[in-house]
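Structures incoming, each one as structure tokens.
Here come two complexes built around chain A, the first alongside chain B, the second alongside chain C.
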Partner chain A sequence: MEVYQLDDLTQLQQHLLVQHQLYQVIKNDDEQCAWQQQTKEANEPLIAMLPQSSAKNFFFAEHESLLIFNGDYFQETLPTPEPFVLFGVLSCDLTAISYQDKFFQDDPYYQARRKQCLLVGLDCIQPCQQGFCPTVDAGPGVRQHNADIILHPLANQQWLLITTNDKGAEAIKGLALTTSHWHLLTQRDLTLRQCEQDFPDHSYIINGIDKLNSGEIKDSFWQQLAVQCLGCSGCTTLCPTCSCYSTRSISVESEQNKVIKQERFWDSCLYESFQREASFHNPSSEAGKRVQRFWQHKFGNEFFTTFNRHGCVGCGRCEQTCPGVIGVHSVMKRITNDA
Partner chain B sequence: MLNHIPDPIELVNYIDDGEQARHFQFRLLNIQKISEKSTVKSIDKHQWHNAKPGQFFMLNVPSIGEAAFTFTEPPNEQGEFRALIRQMGKLTRTLFTLPKGEVLGARGPFGRGWPLERIAQHNIIIIAGGCGLAPLVNLINNFTATKSRNLADNQQLVLIYGAQSKAAQLLTTERMRWQKQIKIYNTLDEVEHQYTLAENESQGTPVDCIDSALASFTRPVTIALLCGPESMMQSAAKRLVKSGLASKDIFLAIERRMHCAVGLCGHCYLNQHYVCKNGPTFSWQELQ
Partner chain C sequence: MSASLIKTTCPFCGVGCGMYLKVNQHGQLLSVEPQQSHPISQGKLCDKGWSTAYAIDSYQRITQPLKRINKSFYPISWHEALTTIADELTAIIDESGSNTVGIISSARASNEDNYAAQKFARAVLKTNNIDHCARICHSPTVAGLKQSLGSGAMTNSAKDIFQTDLILVIGADPTENHSILGGHIMQAHAQGTELIVVDPRVTRLAKLTPMHLQLKLGSNIALINALLHVIIKEQWFDENFVKSRCQGFEQLVKHVKAITPESVESVTGVDAELIRATARAYSQAERAMIFYGMGITQYVSGTNNVISLANLALSCGHIGKAGTGVNPLRGQNNVQGACDMGCLPNVYPGYQAVAELVNQEKFSKAWGTEVAQPPGLTSLGMTKAAQSGDFRALLLFGEDPVVTDPDQNHVQSSLKNLDLLVVAELTMTETAKLADIILPAVSFAEKDGTFTNCERRVQKVNQALAPLAEAKGDWQWLQALAKQMGSQALNWQNSEEVFNEMASLTPAYQAMTYQKIADKSGLQWPCTKETPDGTAILHQQSFPIGKARFICVNQVDIDEPIDENYPLLLTTNRLHFHYGCGSMTRKSPLLERETPPGILFINPDDAKALHITHQAPVSVKSRRGYVETRAMLSDDVPIGIVAMPYHFKEAPSNQLTNTAQDPVTKMPELKACAVVVTALAKGIAPKTIQQLQEAQ
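For the complex of A and B:
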């Protein structure tokens, strides 16, 4: 690990742009934050704001081709992206990437994209509106093993730059940087600790997780909760750790030939048809069972043992998007108080 | 890396069986040739020669998609294999219209099959319903093959096979062959008035026959293999436990919708398990 002081962030952006495509979170005219590609000509300021969509689409594409069939044999269609940087990923989303790295560790399509990416993490020094990352060990400071480079804002528009591995060190080679005083790392720790303390009381989430794992929650509670699930897939689409997908075949005809393409695309375990078989047998035909499964997958001990952490990274996107008001805060409060 | 890419197969032949079910014979095509072309570089090759009874493969009907089926005969040295398939949804409806010689795709073998290491030397009761007999064909064939009969001395195997009606019964030829060596109970949900039940037939469900079947063993049964409708398997497992079998010795083959077969797409979840990867065979103990 090397620690530097950076006076001008633009310098770093320009340096990385020489060998990478660079994506950064930008606030649009409608006040929504989203990932956008940056060019050498225009570098937007770095903002520590949670984008509406996480970074999962960069690795686990919303829809992508798996193969083509030409009538004789099947050919793999692996993506071949140019090297790219995700510049300024917040700790919750980095934790989700680390979670998905493990889940998709043997998936060639995910890994083809992932190996091309340099992750530049950004510490949060203020709590965000719906976030509760400290409760689920996912922030607000970037965990060392989750990013190649970590940026931490200092006073006077200066930055602390930490390289956590060889990939990060290689990426900043040739950039004129001042080695930092170690006391700035202590300052970082203090700032992050203060930020953690500034989060509101989320003890109902801890209580909810305990209760969820106690086996005490009755089926009737989930059935009641599921009345509010519209099956819209908003939560599963925006959740940075959700990974369910389906596949479909598409005929692609050109003047020369006709091939069949097989695609995969994001799916949602909250859809009624998710487990429905050709015989119409459906093990999860009840909405209550589907809603229960979703939350069990995020907070159940049986999954914690596999991933060494919860499937929730505390970003709060599900709460923000759910039209039925059964995002994580609402559900955990109801489990704590009513289940 | 995981292999999502099917190997090309040829639909060699098919024979109808029961109501809207067919035995399909497939043949793996040009695996070596394809590999020489290096169309698939980054991934593991399918280990067809390692297919075990109870494992499954993903059949790719190119214009439609993929679905999971079990082998009734695993791939031989010529790459030929068989599957018993019932016409059910869009993919199988299309499959039943395809001519011999059509090129399709297959990935596999996948999943955890029957616990062969646990079965040897033990007395076994097999309970199957409808198409649920298909994943057991290969196993029963191995036990009853005249040339290499694998049943140990004093080892007993009894099959209870349930079907909705006489017309819906599958694998009649195979069951006729097997019953020369093993005891078979056939149950029919519905029996037409004019039909006279044969000696080893009764009206009802396979669960109704469990007590009689258990009584026919000279030494106690220690292993049970179940495959068929989930509610039937659950009732059968409960009855077997009541009769003294241990939950860890009762094995169920679970059916779920599958897209990827490698534990990623999420469709086949069963509690914390993925049926494609952790199953399809589970002990009753694992499912409690």
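For the complex of A and C:
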């Protein structure tokens, strides 16, 4: 780990742009934040704002071709992206990428994109509206193993730059940087600790997790809760750790030939048909069962054991997008109070 | 990966949620994202909205004009398509007159497209034969509320859901059909707003409240008159409001005097005490809102049902204030706009009556040509006249009446009987299959324009993609066709010019511009010189007709009750996965996977008696038709009632539905008809209607 002080962020952006495509979270006129490609000509200032869509689709594409069959043989269609950098990923989303790295460990499509990516993390020094990352050990400070480079805002528009591994060190080679005093790391810790303290009381989430794992919650509770699940797929689409997908064959006819394309696309475990078998047998035909399964995946001990952490990274996107008002805050409050 | 985000309005349902289309550097639509700052949807979408990219995907789209020769379609050029249509239309008009041609426009298309369609009909074809699917959703709302209040639109706004003390949902299933508003209602209820649901089925909202009035099909007026009886008897009405703002209360008092809750118990199936409790809750609430849908309008009594709801709101003074009102939930993304644009045979844009000479002169002058004078035909009137050969040519876009209109066999044979049927569509539909010429239409993502949502909010639709192949916008091909027919009446450079012309002739839209609509996140009409920022709540000071009218209405029983041969009542419903005829939503592999292609909801007790198991193949037969489908056993439908969604062309409920009509609006009674259900041999897939018809 190396620690530097950086006076001008543009220098770093420009440096990385030489060998990478660079993406950054940009806020538009309607305050909507989204990942956008940056060019050498125009560098937007770095903002610590949660984009509505996490970075997961940079690796796990919303739709992608897996293979094509041209009548004679099958051909794998692995993506071949140029090297790219995600500049300023917040800690919750970085934790989610690390989580998905495990899930997609043996997935060549995911890994083909993932290995081309340099992750530049950005510490949050203020709580965000729906976030509760400290409660689930996912922020607000970037965890060392989750990014190649970490940026931490200092006073006077200066930045602390931390390289956490060889990939990060390699990426900044040639950039004129001042090695930082170690006391600035202490300053960082203090700032992050203060930020953690500024979060509202989220003890109901901790209580909810305990109760969820106690086996005490009755089926009737989940059934009542699930009346409000409209099966919209918003939560699973925006959740940075959700990874369910399905596949389909599409025949593409042109004048020259006809090929069959196998396409993979995002799915949602909250659809009734997600687990339905051809015989119509369905282990989760009841909405209550599906909603329970979703939260069990996010907070259940059995998944904690596999992934060494919760499946939830505390970003709060589900609360914002759920039309049925059963996002994480609402559900955890109801589990704590009513279940 | 990274993509440009283009802001637009969701193309499904009348809520009009804000969404961004994510377009990659190759100009391909990747997916959508909800708009967080949108005044209604605030970062939420339903399953239909999330699946938008599938709905308009280039896969399976019609990409060039097609001409039918016998049973096959062959590609032709736009030039050939337009000359063929123009020549045939001219020949038919010359031979049989303008009243034998007409247009069915689309509640899915933009205001600009709809304005162009009615102008094309009136100024080029010289006929008032112009209609659209509002005929079979909210025409009774337009007619009913116009009589009672003077304006046939939602009186209040979506945001009022969070400013009210009580929400009465009657004959509507908002969590399925207007999911985001349904979600708002759930949220408000969770925060303490009282919720009363009146519905024959146990809807999702009904499961959340103890106040569920599970009335019998078609007993709305009896129930509402009984509510009025209690409110008047207990002196719970708003005396001040009734005196100062309404007329005709004395007659209403007399009219409902004998209609006690007990007297309607058998007709409605609702316990008298529950009726009293509802009357008390609604009338005594500080602010109370009514939401209603097709369970009110799709009856032979549709217009009177709407009027009785207006009576209820007026008597309690629950109108003209925040958190109150009579609020129809409009079905399609732009059904409000298509009505506002005058795509109705009896009104010009802005509901200016066709029958009035002054309006005829206004539009003749504005359009620089004599407009048609004789009254026009409704959509069902056109199909009926086609049957007898009195109607010969139809232009139709963005609708699939073969699937969505009542009595499918009648619609199909009528359309086949036409000399010329032109259909503009995104993908091949059951109606398009009957066309002589099919025109490739652009989707909402490929056009600029505006949609008007159910709370009268006019919102921008912004072009995100280039038109697919040779596809054209509706006003653009209508313009090209007008030119081909020698008319310069449709002469615009872009959609903004269409909008500006429309706004100059439509009083409620007069102060709207594209820029203002974009700046204000939409504008709610009326938006005039006096109300330049639009109007969130109608009728605050007075009604367009001065004083609102109480109109006495009587219970009208459903047209086709059960009997020995047809012992079950069929009602229609919708699933949140699908939109209308399913031509868009069924392109999503996820939504399509959710149900078999066609289902019948049946109570487990009825199923048991008929030896029907879950997902088993069944036949459903009415006096008009026969379909095969799969049974879904569900306690959500009461004993004696079965329910079918109408999204599926394989098992269309409209093979079965009744054509008996509301006398005022010609709205067919889609919500109730008698059927017989029989179990089919197990293990055999239900035959689609197409297979059944071929076998004949």
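Criterion: the second predicted complex is superposed on the first by the 339 of 339 C-alpha atoms of A that agree within 3 Å, B and C clash if a C-alpha of one lies under 4 Å from a C-alpha of the other, contacts with A are read in each partner's own complex, and residues count from 1 in each chain.
Everything that follows uses one rule, which is that a contact is a pair of C-beta atoms (placed from the backbone, for glycine too) under 8 Å apart; a residue touches a chain by one contact, two chains touch by 3 or more.
All values reported here derive from a predicted model rather than from experimental measurement.
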item: Room on chain A for both chain B and chain C (clash or fit); value: fit
item: Touched partner set for A:78, first chain B, second chain C, both or neither; value: first
item: Partner chain in contact with A:111 - chain B first, chain C second, else both or neither; value: first
item: Partner chain in contact with A:193 - chain B first, chain C second, else both or neither; value: neither
item: Chain B versus chain C as contact partner of A:262, first or second or both or neither; value: first
item: Contacts of A:181 with chain B and chain C, given as first, second, both or neither; value: neither
item: Which superposed partner A:102 touches (first chain B, second chain C, both, neither); value: neither
item: Which of chain B and chain C A:293 touches, first, second, both or neither; value: first
item: Touched partner set for A:32, first chain B, second chain C, both or neither; value: second
item: Chain C, chain A and chain B - angle at the middle CA centre, rounded to the nearest 10 degrees; value: 80
item: Partner chain in contact with A:248 - chain B first, chain C second, else both or neither; value: both
item: Where chain B and chain C come nearest after superposition, their Cα distance in Å; value: 9
item: Where chain A meets both chain C and chain B, residue numbers; value: 246, 248, 267
item: Residue numbers on chain A that touch chain B, as the complex places them; value: 66-67, 69, 71-76, 78, 103-104, 106-109, 111-112, 243-249, 251, 260, 262, 264, 267, 269, 274-279, 281, 283, 293, 300, 302-303, 306
item: Of all residues in chain C, those that touch chain A in their complex; value: 1-2, 5, 7, 20, 30-31, 33-37, 43-47, 49-50, 59, 175, 179-180, 182-183, 186-187, 190, 204, 207-208, 576-577, 589-590, 593-595, 614-615
item: Interfacial residue positions of chain B with respect to chain A in the complex; value: 1-2, 4-8, 30, 34, 37, 39-43, 60, 62-67, 88-92, 103, 105, 230, 255-257, 259-260, 262, 264-272
item: List of chain A residues in touch with chain C within their complex; value: 23, 28, 30-32, 34-37, 52-53, 57-58, 61-63, 81, 227-228, 230-234, 237, 246, 248, 250, 265, 267-268, 271-273, 280, 320-325
